[in-house]
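One chain, subunit A, appears in both complexes that follow, with subunit B as partner in the first and subunit C in the second.
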Partner chain A sequence: MSTYLTQVWAILRKDLVLEIRSRERVGAMCAFAVLTGVLFNFSIDTTTVRPNEVATGLIWMTLIFGGLLGVGRTFHLESQDGALQGILMSPAPKDAIFIGKLIANFVLLFVVSLLVLGVFGLFFGIDLGRNLSWVVFVLGIGSLGFVAVGTLFAAVAEGTHLRETLLPVLVFPLMVPMVIYGVGAMMPLLSGRPFTEVEGNVRMLGAFALAAVAAGAVLFRYVVED
Partner chain B sequence: MSSGRLVLEAKGLHRNYGSVVAVDDLDLSMSEGEFLTIVGPNGAGKSTLLSMLSGAMRPTTGSVSVCGEQLDFGRQEWRHRIGMLSHQGFLYDRMTVEENLHFYGKLFGVTDLEDRIASRLRRVGLSERARSEVRKLSHGMRQRASLARALLHDPDVVLLDEPYSGLDPAASLVLRDVLEELKDGRRTVVMVTHNLREGLEMATRIAIQVAGRFHWEGSLKGAGWEDFESRYHRVVEGRV
Partner chain C sequence: MTTAGMRRGGVVLTVLGLAGLIALYWMCFFWVSTEVNQGVIQRIFYVHVPAAWTSFLAIGFAALASGMYLWLRDDRLDRAALCAIEGGLVFATLVLTTGPLWGKIAWGTYWTWEPRLTLTLLLWFIFVGYIMVRNSTEDPDKGKRFAAVVAIIGALDIPFIHLSVVWFRSLHPEPVVAKPDGPTLPGDMLATLLFGVLVFSLLFFGLFLFRYAVEALRAEADLRARSAA
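Presenting the complex of A and B:
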């Protein structure tokens, strides 16, 4: 394995090991997802609306709000005992550090997104069977775009005294394209429409995710270097 | 003993935080094998100087070179040559000592990692606690684990920021033995400390930093630490 990939893997493995041992972030995200699903279940009368259409928007919003709970704390792992400085003083390229943390965050958020899908599928009586693999694929791309933006801005927010308070203000405006194309792709899929109908939206969502990953990898060093 | 090969060089190093000058146009040259202890009052800019020498912080102006290679933030190769022990350990509480070293070893691209970890842990006397989570270690043990981390990649330049901070006498003794081993003639060491006695024990050179500058630089040359202490107070109070 090349040195670069070894460094990415070291960061990724470390983040996942710490999360498995503490379960702080994934626990908070899962609890948020389930409780939000329960609350929406009681607050929306599914006999007066189309459940598929309402649920799609709610799934994405739950994913963004819940994801922020976990991704926003990604640099708390490093703040203990000055560990971020330790990493930054290593020869690991800053983009390798970013990519490692991004993949770790993606794994966590993807797990949560499956839970969100299951919870809303259950409460809103959505038939997930017909397009399940495509729905999961769309959620995966959306999660990737979200964690790319979230990881970069979590680093920005960590350097300020406002931290989690500042993070939504920075991240939410950038989530608009993701919500537009994510909802645009998922709503027809949950209604049983073929993938070909939403291909354009999925491409745009993918382009957003790739652009976010590339921008994050390039900009991360300017955020963390003194 | 110094072999004369220039290892660490800082030219016109300057850093300010807004209107506050932390390090003021400071020059420093160190040869292989030298052990420089920097003492000074709080706010003298000692830790800022060390951060710039380590590449953790960019100077406002000036430059730092290690083994002739100027610290270039676009490239990272020079980071292999620097090891830093700060008052923060850079360790993860929920990982074992061994896992922490393994993690940093991978980041530094250490090849014979398992052997290197075992050897460093033996050197700092932590072999038996290798599988203990860092959060379960005493402060002294954490500091030794941090030292093992700082030395893991066999750096040419070792930077120590208040290594004795918060240690009890027994832990200080262990740390002193380990630091003594750093005087192997191959490494260049810079230590920043408030503790004059411990700082002087190992130094081949001493600098008193006040208001971002070295106001006195030299060596003990057989003089007792009491003599140095009175000199230190004169320098700090501006009487020299």
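Presenting the complex of A and C:
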């Protein structure tokens, strides 16, 4: 077990160090998130809709689009110079590689989702003081579910000649439960309702995330084998 | 079964299915009694529901074949999954055509985010994703593996999509057959519906065998071309 964790950690650490040093993906995702907030602001007539009522939905959509931008490139760097082959030939089992990649993506997306929450809170005048810890918790589970599906399909898309273009077609239909339960849990929380009211939604979101992680860990080996 | 046997089976099932379809239309238009509340438009139900049943049968079948393919690596299983997906796409398209036609009259709008309609739309996109992935790799074996993963994940996600869209909103008529305390549909309507399900399943498997025979012939032709070269 401890060797397994060491292997996961090796992949995770490598990805995080790469990201911290290059700041390629996180930079693009954060810029994307903030600029999307700006564009959303102008796409909504604030005299007819109350911005804080639509903000929850916009936060989740930004998370998905921005997430796709970053997660879609999970295997991009390694597809150069046969680096992915090198990792796959290492003694680490394929699911350990997947879990390592997934946690690295999760850290990345979770950071971005916190930024999205803050920026949208600022732009759309949401009172974040109420239920903040629960809101962050819900965002965390949502990010986990998204990266689980996203990382698996990023590996699939990397192996096709359509690359990232294919990703939305594969990922968006599967993301419907996440958006519904995520928004369904976050909207009441942000308007100050107690957590017990949305507990069912959060449970479903958690079940979705767990199922996605498990399915990804099992199926990843079939995607990368050669 | 040999390819020729497949084709014969395909012919038999498809002819039976087509004959059944004519009988189903006859039952729909002349035999079954008109529903009291909805009137004549309810008759589209006998096509819509069996088509929906068949498209969900298709994804289940494809996911099963895909899982077996990843395990056993038998090309026949992959071919079966592909043929089921293509058949499913046809029947899901039927559902998405007949549903809005009925909805325009019954609900006053072609499209609503009604759970089962939404689910079928997403299923349609999962079918499309499967076909796109399969056709976008240079190495056919890679495409087969990728497509199998898409089919399995798609089938696993369906219960989640179903639960979530039901939670989101429900406008659809409640189930009338698969209920704990037995069907509430009057006898002749139930008979027509079940006959419809049978006919569409026959058609699906007929088309499936046809398509499978074509794929098998293609694989054989590829093999011969390669051994000749």
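A few remarks follow.
Here, the second predicted complex is superposed on the first by the 224 of 226 C-alpha atoms of A that agree within 3 Å, B and C clash if a C-alpha of one lies under 4 Å from a C-alpha of the other, contacts with A are read in each partner's own complex, and residues count from 1 in each chain.
Just so we're on the same page, contacts are C-beta pairs under 8 Å (C-beta built on N, C-alpha and C of every residue); 3 or more make two chains touch, one makes a residue touch a chain.
This is a predicted model, so every value here is computed, not measured.
Once chain A of one complex is fitted onto chain A of the other, the partner contacts of A:217 are absent, as it touches neither subunit B nor subunit C. In the superposition on chain A, A:91 makes contact with subunit B only, not with subunit C.
Legend: residue contacts after superposition of the two complexes on their common chain; A:149 is shown touching subunit C, with no touch to subunit B.
When the shared chain is aligned, subunit C comes close enough to touch A:180, but subunit B does not. Of the two partner chains, subunit C is the only one that A:160 touches; subunit B does not reach it. Looking at the shared chain after the overlay, A:225 reaches both subunit B and subunit C.
Contact with neither subunit B nor subunit C is seen for A:190 once the two complexes are overlaid on the shared chain. Of the two partner chains placed around the shared chain by superposition, neither subunit B nor subunit C is touched by A:26.
On subunit A, the surface patch touched by subunit B in one complex and by subunit C in the other comprises residues 225.
Within the complex, the subunit C residues that touch subunit A are 70, 118, 122, 125-126, 128-129, 132-133, 136-138, 142-143, 145-146, 148-150, 152-154, 156-157, 160-161, 163-165, 167-168. Subunit B makes touch with subunit A in their complex at residues 51, 54-58, 73, 76-77, 79-80, 82, 84, 86, 88-95, 99, 103-104, 106-109, 134, 149.
Within the complex, the subunit A residues that touch subunit C are 149, 152, 156, 159-162, 166, 169-170, 172-174, 176-177, 180-181, 184, 201, 204, 207-208, 211, 215, 219, 222-223, 225.
Subunit A makes touch with subunit B in their complex at residues 3, 6-7, 9-11, 13-14, 17-18, 21-22, 77, 80-83, 85-93, 225-226.
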